[in-house]
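Input: a single structure, listed below in structure tokens.
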Amino acid sequence: MDKAAFEPKIVAYCCWWCAYGAADLAGISKLTYPASVRIVRVPCSGRVDPLHVLSAFKAGAHGVIVAGCLKDGGCHYVDGNMKAEKRVKALKKALDSVGIGGDRLEMYFLSAGMPDKFVEYTTEFARRIERLGPVGLEMNRE
Amino acid sequence: MTVMATLSLSGDAGCHVILASLHEKLLGLLEPHELAFCQILKDSRDIPDHVDLTLVEGSVRTENDRERLREARARAKILVAIGSCACFGGIQSLCNFVDSQELMKETYGAAIAEAKSLGKNLPEVLPKNIPVREIVEVDFQIPGCPPEPDEVASCLGAILRGETPQLSQKNVCDECKKKRGGDFEAKIRRLTEKPSDLERCLLELGYICMGPATRAGCHAKCVAANVPCDGCRGPADLKYDQGVAMLDALIAADRETVSTYSVATMSAMYHRYSFATSVLAKLLERKDRR
Amino acid sequence: MSSREPRIGVFVCHCGLNIAKSVDVKALREYASKLHGVVYAIDYEFMCSETGQRLIKESIKNHGLNRVVVASCSPKLHELTFRRVLSEAGLNPFLLEMANIREQCSWAYLFEPAKATEKARHIVCASVGRSRFLEEIGDKEEPVKPSTLVVGAGVAGIHAALGLADIGFQVHIIEKNPFIGGIVAKLGNVFPTEDCGICIAPYSSEMHRKCLYKQQLINNPLIKLYTLSKLKSLSGYVGNFKARVVQAPRRIDERLCIGCSKCTAVCPVEVPNEYDLGLSKRKAVYVPFLQAAPHAYVIDGETCTKCRKCVEVCPTNAISLEQNPSTIDLEVGTVVVAVGFEEFEPLGLFGFGKNKDVITQLKLARMIDKKSGGEEIWKPSDGKPAQRIVMIQCVGSRDKGTHAYCSKICCMIALKHARTLKKADPDLDLTICYKDVRLPGRNYERYYTDCQELGVKFLWGDVTKVEGDADGPLRLDVDLATGGSTQLDADLVVLSSALTPSNDTLELSRILNLTLSPDGFFMEQHPKLAPIDTNIDGIYICGACQGPKDIPETIDQAIGAVARAAIPMIAGKIKIDLAKAIVDEDLCIGCANCAAVCPYNAIEMAPRGTARVIEAVCKGCGTCVVECPASAIQLRHFSDRQVLAAVEGILAED
Amino acid sequence: MSCRELTIEPVTRIEGHSRVTILVDKKKVKGARFNIVESPRFFEKLLEGKFAEEAPRITQRICGVCPVAHHLASVKAIEAAWDCQPPESAVKLRRLMLIGQIISSHSLHLGFLALPDLLEVDERSILGVARKDPRLASCIFKLNRFGLQITEAVGGRAVHPVSAIPGGMSKPIEGERRDQLLASGKECVEMAYELAVLVDNKVGKKEELIECLNLSRTRYAGVTTDGRYELYDGKVTVLEPSGEKIEFEAKDYSDHIAEKTVPHSYAKHPYLHRFGYPAGIYRVGPLSRLNVAAELRGGKVAERFRSFVKKFGRPAHNTLAYNFGRAIELAYTVEQALNMLEDSAIEGNDVFSTPHPKAGRGVGIVEAPRGLLVHDYQIDAEGLITRANIISPTTQNAPSIESETLLLASNLFPHAAANLKHMLSTIEIMIRAYDPCLTCSTHFVELRKSA
């Protein structure tokens, strides 16, 4: 496949309070970010189940973002974002060993008032996925 | 009179051993009916054209398995998957991590792997090991490795009476006699360590006990023998991914070892019998590169 | 119900041109109409308008819809609007799904119609997919206890407590200090009325009776005051909170103490008086100032030597040196948090902490309050009169290195003090170095004009350095905003220091599960629409614990908190929607993982060993769902099936 | 060419899927093949990267008929790699469990698979046996149940037990269970003996069939301890047709056994390296065990053994003698089980000593119901398996089954014109006598490659 023509599909699980709000504000501020980023609303990044991440890849995603509130007290559900971070860390490893690659999953922290960060993170991530290209099946076995 | 058949695909025949171990009950179940095809237990070469009830043991690994399964389905009114190989792909699905070409190459050499089979007399090996449900429609599943004899008898009895069989809807922990204290040890323990308290819940002690994510009905026998449940009966509710549910819980419990070992290693712990049905296995099938 | 085959209606909103300009709404409607389960699709200019709402209602009836997808703006804006529309049309409100094609789509790709239209298709496909799995969700009622816990007995807490008691509710008010009044009690006269800070409301005799220190709070039979008390834990939920309060020993029985001061007279221990910021001394057994309430002495356990002299002289045997802390359990329906602020201690800034003649406005307030009529302000270093005073504004405020926010009341405090001093001593050389002068309150501007008339000098610029020799005056370098720089000499430098959250804020936020703003103050639920509500139903905030504010605004908020807290208590019951976590008891193994991870203690273990969600407490974050090894717990409205349907939809190929 | 193929597919009343192909022209047999069509399940590959201590539970899924054998060979391989010695009580329990396995497997084979032929019942299945001789069927069930009960009492489960873990056993046997087993055992001893007599009487009379199956002249391999009959531990003994014996340690098996990949079977053909292929073909299983053992010690069973030796000579080559041997072993193992259960030491509580995982290689062998079973693992420092090799009994018997099929077909074909069916069914009886377990047989990765 021609790399230039590769249009990735990226699922962004956005927590309702912060990341979703930041995405909204990006729109309100008429800021643009890659259209490949497709937002799925969750109440809290702590709701994002490893199953959801894996299923997104199963359904054809080339990258998955989990976006939650800022660290250190930003989470509207106390520490759901920290739980999500822990899961994302473990999942990256899992994705490595099933040949998807942990680089295709990232967690970001932002507040509802950070549309610029939302744009920055999603743009940067989309670039990364474009670089990585389509999902292959290189087994990463020790 | 009900015409019955059993079909063995890729598996270890343990389900037939369970059928045989029903002894008098087996005779009772069979007596008014006809066991028309059962390669292991009686002389019979072909599945008859019309079968009322076919039990399928084993998973689909070869072209031959697939053909025989499709044929069996076409000839059966009711098709029941028996055992965890048939229901979930079974333990051999852990090989789905490895490309079948590579498996063949390592086992039989490069030339044979190229040909996908050892010779014209042997069936082609499929790229992966597949549960029955993914090839044909299944009317009922009796899980377990092996399935519980009593459960097999009661399910067959129910089907023969025209009823819908019932399996437990609960998890193994429901039947487990071990005591829970409420706190979990963060360390993952392996079987090489003896449980410090034989009365205590193995999951709490740090062992990867699949009891919480596994369908009850086995009386938690393994745990009663001080060995963690390895999930042989699959999830209680088939819409859940047994291993991922456990993976989540282990990550949650800060069990660091979960991320220390590769998924291939850990899948044998939390997906031992159901890997083929897991979302992880489906990920392996993704090949969008040309 | 979900068992019914979904009949989905899709309503594509143009939002005028907000959406229609970049998204081809007709094509989108056409696309939506072909999606699985969609029986009706229509586009319209403004779905949120009366006509748009009527269109949805009529379509529900005419086409037998049982799921509604509105493709319009963010659900943050109109989800509740459209849920109400569904209710009015006889559909359960949770059968609504919004497709956010404005914020997430048309506005983000304003000049790329092809891209915007394609993305809108994905979003609508996800919403339609998810809507197929939506389920009806009902609600239930719970009783509300008619009592309130007020945390903090400063001006905000006191007003909230009095207001609630006036309505007739039982109030428990806790104060960490031995006496009530908070920082306001230290301020002397307060703007804009220049009356006594301890009394606050002096004008009419009726109002005067409300003076805090006239035992209002202490004597009200509906108010129970706990001094020296801290909140240790809070469980439960709106209507049914259980609070645990720990009260430190006063060592003097309030009911027996007659305030005769014999104990103080004999006490051999003398320490700086915190109330006066060290300007005066107190004994180990003391009242900080005469009007202090409650008017009962206290023994400071830290410095008391247990010489027992006080015990011997006490005429009423009120003293017990061996008293221990006690635990008080309270059951309340609502909680008001009013823990106020602290003055920022600007250590290292402008010589503060190094030079005794660099002080803060709060200390100046105490000095002004203490001095008698004709007296001059003195230099703390040597007690000599301060002839040249310089005030520096915005110390620790509007400053990236310390606090980025404006502390809001420092300008007024500086002007109030300048006016008072200049009136008393017209010869005083008084300069205010400022960045901006911000005086937005009623009658506030008068302070500025008064000061100008009185000859207060205003210097617009940044003070870059304050240096002092052993004996000579303090020397200030000022970068002028108008260009260039200048130097000033001063006998006394007064820093208008920032207001910061009180020390207990962080700990309290954890106990109460309240979120904090990035500045560290308690976060209101919404800056405009819900300025007193918090992220926890039934817990309200008022006063400076939410951010710097002056007394009038604080009292406004306190009265607001009275109203907010009274609403559920007057209703006597609350309605709880059940879009919360739910346990499948068959699958539950009783491992209590969910209860352990729940940030709200919303899950209890039932006697038979399975988990149970307290719907009134559950906030629906769903973290328990992930941690359940038995897949026995699901979050309604965001079940695995529903989330996965959205993912599958959003990734579906056209 | 006027060659044609005669096929039997599937070969019935054996475990697993296979096909016999006989190539004939008008007059004679040109060739014969025993195709193991059973799908390979790649257990060796599957084990790579897995925790070694989980292998006993994983590998037993190779075979539902003889899981205990795999369970124990696997645990022994790991213990060998970790230099770990399980306590005596644990070894006792394992021996008992293995005996239970022999009892349940042999009774299953005799009753469900072999007897229908040998008794010539109408419906060739256990149903036919039950109709013809209900008491016999009931005996078979009782014996089978006794075997499964032993496995369940010691192993936690009747099929796919769980209790053998590196270092010993996860639990001792409960007194109550031991009492129950003792009671059933006492009932079974007599039944098992009677069954041996019945096989001897009924089948002994089939002179023609016995004569017909007296074809193979192979070597025999089995485990012995000091030359005595052994199941759980010992040296591999190879018996030459001449009566000479060669012994080697389990860990050295790969120096002695080589393999040949044959293009018509997913099982590979092993042979004794020093004799070359096909001369080095050898057999395993009940027949081999009775051939390599000097004697069976015991009561009435010893007598049976002597009559067996008298009837078939030493070594006994007759393939039908597998069934006789199986019946004798069944009676012997029931006797042994009872002896072990009567000794109160079986209730010993000290059943586990903590192992210390380390890098290394370990070979574990046991006698499975169908013969010699080898598990060979390479383990890394973390205790993960890096390479595994498993040689199952049926794999070792497959070359002999095939060569015997050719011999048998060649012998029978000239006379079979009128009754081809008889020829084919005789071939099936021969194959069944081996009690092949084909799911076991397709797990064979690494041996010295033949030239």
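Quick notes on this one:
We just call them A, B, C and D in the order they show up, numbering each chain from 1.
Here, contacts are C-beta pairs under 8 Å (C-beta built on N, C-alpha and C of every residue); 3 or more make two chains touch, one makes a residue touch a chain.
Note that the structure is a prediction, hence the values are computed from the model and not measured.
When chain pairs are compared by their number of contacting C-beta pairs, B-D comes first.
Measuring from the averaged C-alpha position of chain A to that of chain D gives a distance of 55 Å. Rounded to whole angstrom, the centroid-to-centroid distance between chain A and chain C, based on C-alpha atoms, equals 32 Å.
The distance from the centre of chain C to the centre of chain D, each centre being the mean of the chain's C-alpha atoms, comes to 77 Å. Centre-to-centre spacing of chain B and chain D amounts to 25 Å, using the average Cα coordinate of each chain. In chain D, the positions touching at least two other chains are 49.
Looking at chain A, one finds that residues 49-51, 55, 60, 83, 87, 141-142 touch two or more other chains.
Of all residues in chain B, those touching 2 or more other chains are 98, 245, 248, 252, 262, 264, listed in ascending order. Touching pairs of chains, sorted by label, consist of A-B, A-C, B-C, B-D. For chain B in complex with chain A, the residues that touch the partner chain are 97-99, 241, 244-245, 247-248, 251-252, 254, 258-259, 262-264, 279-280, 282-284, 286-290. Residue ranges on chain C touching chain B, taken from their complex, read 584, 586-593, 597, 626-632, 640-641. Partner chain C is touched in their complex by these residues of chain A: 9, 11, 20-21, 23-28, 30-33, 35, 38-44, 46-52, 55-56, 59-61, 70, 73-80, 83, 87, 111. Remark: chain B residues 169-171, 173-174, 180, 182, 184, 203, 211-213, 235-237, 239-240, 245-246, 248-250, 252-253 touch chain C in the complex. Those residues of chain C whose C-beta lies close enough to touch chain A in the complex are 74-76, 100, 102-110, 112, 115-116, 118-119, 122-123, 126, 509, 513, 515-516, 518, 535, 597, 599-600, 619-623, 625-627, 635, 638, 640, 643-644, 646-648, 650-653.
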